[in-house]
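Chain lettering (A, B, C and D) follows the sequence in which the chains are written, and residue indices restart at 1 in each chain.
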Amino acid sequence: MDKVVSSAQEAVADVTDGSTIMFGGFGVSGIPFTLIRALRHKGTKNITAIINNAGGRLANIDLAVLVKNRQIKKVIASYPVYPWFVSPFEEQYLKGEVELEIIPQGTFVERIRAGGAGIAGFYTPTGVGTVVENGKEKRSFNGKEYLLELALAADFALIKAHKADKMGNLTYRLTARNFNPVMATAARITIAEVDEVVETGELDPETVITPGIYVNRVVKGEKYEVRFE
Amino acid sequence: MDKVVSSAQEAVADVTDGSTIMFGGFGVSGIPFTLIRALRHKGTKNITAIINNAGGRLANIDLAVLVKNRQIKKVIASYPVYPWFVSPFEEQYLKGEVELEIIPQGTFVERIRAGGAGIAGFYTPTGVGTVVENGKEKRSFNGKEYLLELALAADFALIKAHKADKMGNLTYRLTARNFNPVMATAARITIAEVDEVVETGELDPETVITPGIYVNRVVKGEKYEVRFE
Amino acid sequence: MKSGLSRELIAMRAAKELKDGDYVNLGIGLPTQVSSFIPEDVEVIFHSENGILGFGRIADENERDPDLINAGAQPITLKPGAAFFNSADAFAMIRGGYIDVAVLGAFQVSEKGDLANWMILEKKVGNIGGSMDLVVAVKEVIITMEHTTRKGAPRIVKECTYPLTGRGVVNLIITNLAVIAVTPEGLLLKEVAPSVTPQEVQSVTEPKLRLAADLHEMEL
Amino acid sequence: MKSGLSRELIAMRAAKELKDGDYVNLGIGLPTQVSSFIPEDVEVIFHSENGILGFGRIADENERDPDLINAGAQPITLKPGAAFFNSADAFAMIRGGYIDVAVLGAFQVSEKGDLANWMILEKKVGNIGGSMDLVVAVKEVIITMEHTTRKGAPRIVKECTYPLTGRGVVNLIITNLAVIAVTPEGLLLKEVAPSVTPQEVQSVTEPKLRLAADLHEMEL
């Protein structure tokens, strides 16, 4: 079994216009930037992006690459913009050129987990008494109120991991784990960009975070520098 | 921070009669047998045991120890008995001396996860069209039927891990992981029996499976031999 | 009645259903033997609901480790590329639809593909285990079992009389006498065991069997 | 109006609320500075919703690793006993009630403890992040903020006019001017900043403040 493909371009070849795509990453960690650039090159349009943040902080390697190129139709996020500058996404959003669905972060990732785990929906206390409850079923369990939230799944998950073996087993580095292992479970096709590909058998089975069953394609990513402000 | 206690007896000192207790373990792996024996010694009565299997295969180190001593009032399990012999639990159950709630294994562990994760309930397809749906809300999502299942939590979780540091961070060995890390999240007090206690800082943070936040007490377990039939 | 295949041969026939690259869960009992009959050139990745993906054969006496077992609590060996996880993650994988094939045992299967495999009526208690989660979510459910009870009563029935594990969930039935597919038009007899006739299979099967156009003797 | 404490001193005062053994989540902005003011002999374990427990101070320039950050995307250092996990597990910890204290920023807090901290009305878009999950589940929610807006309008109000993060969720408010507890009987002024009078605090606070029996000057 060999899930390794030779280029990011090949890895995203079947990502068609109108796809719903999950993108891993939090802050500057764990962003599948090689795959994002490959999508930019391919030019896939009308993407619904499920991603914590709509990009702009690392303007050349995060979702802003696709936003600026007008490839994003809608963003489903928990922390879409920045308090201290106006991102390309915010600019387009304020002009009504891109849609936004904003979700509390715990609900965002739990909906993704549900999408991967065959759970149709769940009751969470998060958002009770706020605009988040609009249009949702509210229900009491043991005297406490909860909202019904539904599973979230995608056509593709583009994730960033540290090492992959050829069967697609993945490890991560430090806080670069974030949304990546959860999104890997909730897409029809999961594509992992990694720092290093190793032979099957080289990863300690106790340390595998994403078992290969969730991964369809593996591609070695390019190196990039992150600068902190 | 030092969560290590010096004896199993001390670890279970506050487990009072009538407690609901989760016990980790699957088959012969990951059973907190030192803690089970300590409970036997303490004599806690009327226990509701949340455990995959009601014991008997390893009669001297699994739940059968407590069943035989009449300490168990009710068992919540997915695989309570054995096809090939009558366990102490089955014997008492057939006489009406102990109660049983039987739950599909995936629902069993997902209910425990929900109990630990602040989720009140969730919709699962498991059990639709069977006796499992009796008394439960059935609901369609996207044309498929699901059952509402509620969170399961406990007063105590008695679990078995491999190594613990003094802050209660835990690693497991091979398939001995099973229910243990999930149960650790869903009890008011989690007590971990381990093969080895190490200094804080000795465990690689990438390999910690149960973060110490979930663990209240750590105790070094006794060694035991498992014989396969 | 002819006895047909041994349990080992049933497992061997079931193994032929598994394709290169399949992720497969094996139920307790006869199905666990399937793992011994995978050809060298076919890579099948076995999943077990106690939290492992990628194990190999049953362990020899000197390889046994009580911390390394399958869902039947049998000692197993690791293959390169294995991964461990907890039970909640193991069932997320199952319910999420990532397991291609489950091979399970049964007490009864109905002509509509209903499965009863967790409790016999004669006992007041049974074991659900992972079976109900598997049957609602796995892409293909294969049942391996004896064609009849020890007393000769059919196990393939019009309606299950034992408590159900799932409704309309079985895809293929492999017994000591036959291979039968569950189709929207009813049960389809596809293969018969060596020296067993379709009439003999029908005589111990409650629902009417249709005969496949290419009905043939099992190849093992 | 007197300016009271600097932002660093607000963080320093908030740090005094954290007890040995507490598991604590710090919000983006001012709250992240709290981690710099934990005394050597107090062991506080910091949680961040991007998947880490047990980090230390902000990293120096030569220690920075883009894969090791807090929820504010600041580079951090590891302490012995740290653990990594994914975001779903990070929020399971939060919603499950395992975090003892969250220190968060705010735009407004009401006298009933309602919190508005994710969107100002003047903008058409805001960031929820982890705040709504934290406020419904964490045992104690401490707000650190400037007592008034830049234009001098009260941020402690009778009813929040900005979109809510949660209702009745705030336990303690620490500002540049005062420490105020949210109680069932309303807001209780417990401490005032050096050289600030209770009357001065009341003059920039919309709801009526009750004065604590032991009202005193903040100790830092």
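Going forward, a contact is a pair of C-beta atoms (placed from the backbone, for glycine too) under 8 Å apart; a residue touches a chain by one contact, two chains touch by 3 or more.
What you see is a predicted model, and the numbers here were worked out from it, not measured in a lab.
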Path length in steps (a step moves to a chain that is touched) from subunit B to subunit C: 1
Distance-maximising chain from subunit D - centres being C-alpha averages: C
Pair joined by the larger number of C-beta contacts - B-D, A-D: A-D
Inter-chain centre distance, subunit A versus subunit C - centres from mean C-alpha coordinates, in Å: 36
Centroid spacing, where centroids are CA-atom means, of subunit C and subunit D in whole angstrom: 56
Chain centre separation (subunit A, subunit D; CA means) in Å: 28
Contacts with two or more other chains, residues of subunit B listed in rising order: 110, 113, 117-119, 124-125, 172-174, 206
Sites on subunit C at which at least two other chains make contact: 84-85, 91-92, 94-95, 137
Interchain contacts, given as pairs of chains that touch: A-B, A-C, A-D, B-C, B-D
Touch list for subunit A against partner subunit C, complex: 1, 113, 116-119, 165-167, 169, 185-186, 200-201, 203, 205-206, 208, 211-214
Contact set on subunit C toward subunit A in their complex: 21, 23, 43, 45, 47, 53-54, 78, 80-85, 91-98, 137
Interfacial residue positions of subunit A with respect to subunit B in the complex: 110, 114, 117-125, 139, 141-142, 144, 146, 150, 171-174, 206-207
Interfacial residue positions of subunit B with respect to subunit C in the complex: 26-30, 52, 57, 78-81, 83, 90, 93-94, 100, 102-107, 109-110, 112-113, 124-132, 172-182, 209, 226, 228
Interface residues, subunit D side, partner subunit A - complex: 29, 48-52, 64-69, 71-75, 84-88, 91-92, 94-95, 124-133, 136-137, 163-167
